[in-house]
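Dropping a structure here in structure tokens format, bear with me for questions.
Naming follows writing order (A, B and C), and every chain is counted from residue 1.
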Amino acid sequence: MSYSLAKGTLVTMIGEAVLQDRLIKVLTKLGVSGYTIIPAQGAGSHGRRMGDIAGYNTNVEIKTIVTSDRSDQLFEDLKPLQSTHALIAFRQTVEGVFD
Amino acid sequence: MSYSLAKGTLVTMIGEAVLQDRLIKVLTKLGVSGYTIIPAQGAGSHGRRMGDIAGYNTNVEIKTIVTSDRSDQLFEDLKPLQSTHALIAFRQTVEGVFD
Amino acid sequence: MSYSLAKGTLVTMIGEAVLQDRLIKVLTKLGVSGYTIIPAQGAGSHGRRMGDIAGYNTNVEIKTIVTSDRSDQLFEDLKPLQSTHALIAFRQTVEGVFD
């Protein structure tokens, strides 16, 4: 290939839609300017929330690609939100063109 | 870091929207209570289905994080649906906070 | 397990919604017939574009599973679009049932 691909850490956060602004604030504080937002429906194991309404919760999926170090910090920053809301987050190494 | 991240297997299923309820039944039977549903459009290599309508199919993407063993069982359980419908499924190892 | 899972390369492209038809043309030229399209909102580090409108951009996420070799070619083919538009692309190895 005539160019090299970068390595990055894709972090995916899925939580209650009401968290969207707070998640973006966490990202912005961390200096992350690029992210993707996708509306979703969810069913979670957080029983206390599933009983609130019939059917599914309105969720949001937010993805960003950051360095591995920054993803460590991001997981730390998400902890307060995770203690009070239905919010999962996971990461994977990816290779590609993103900047 | 002051806490450790869990390892899990992210399974993504993408298929015809009409499969949504059946996929959730498969997950529920397997004891999976957390999953995310995202509406999608798809074009597939399953030619017989692509000719049915002009343009794209209405698809659905359903994601869940389970143990590796449970993902084995999930792939088994999807086989009957895959023999009759356009449905792909794939898995990846992820690390994060989800429960 | 009574059957074996295939290995593939999941390529995810996220870009301005206006790129959708061009991205599909790239895929079709490459002989890729199966892909999934999900509408998204995005904020990018491509400052020149973020100033165009208030709030988020309308983005599209297109995913496909191909061979590793074909993903190399796909990244090459995306280069012209990436030089003029906000478009990221990344790949990951996945295991599953898809064809």
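FYI, contacts are C-beta pairs under 8 Å (C-beta built on N, C-alpha and C of every residue); 3 or more make two chains touch, one makes a residue touch a chain.
What you are looking at is a predicted structure, and each value in this text was computed from that prediction instead of being measured.
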{"item": "Classification of the chain A:chain B interface as same or different, half of numbers criterion", "value": "different"}
{"item": "Turning angle required so that chain A lies on chain C, C-alpha fit (0 to 180°, nearest 5)", "value": "120"}
{"item": "Cα-centroid distance, chain A relative to chain B, in whole angstrom", "value": "19"}
{"item": "Set of chain B residues in contact with two or more other chains", "value": "38, 92"}
{"item": "Interface residues, chain C side, partner chain A - complex", "value": "14, 38-45, 56, 59, 61, 72, 75-76, 78-79, 82, 88-92"}
{"item": "Chain B to chain A touching residues, read off their complex", "value": "1-3, 5, 8, 10, 24, 33-38, 65, 92-99"}
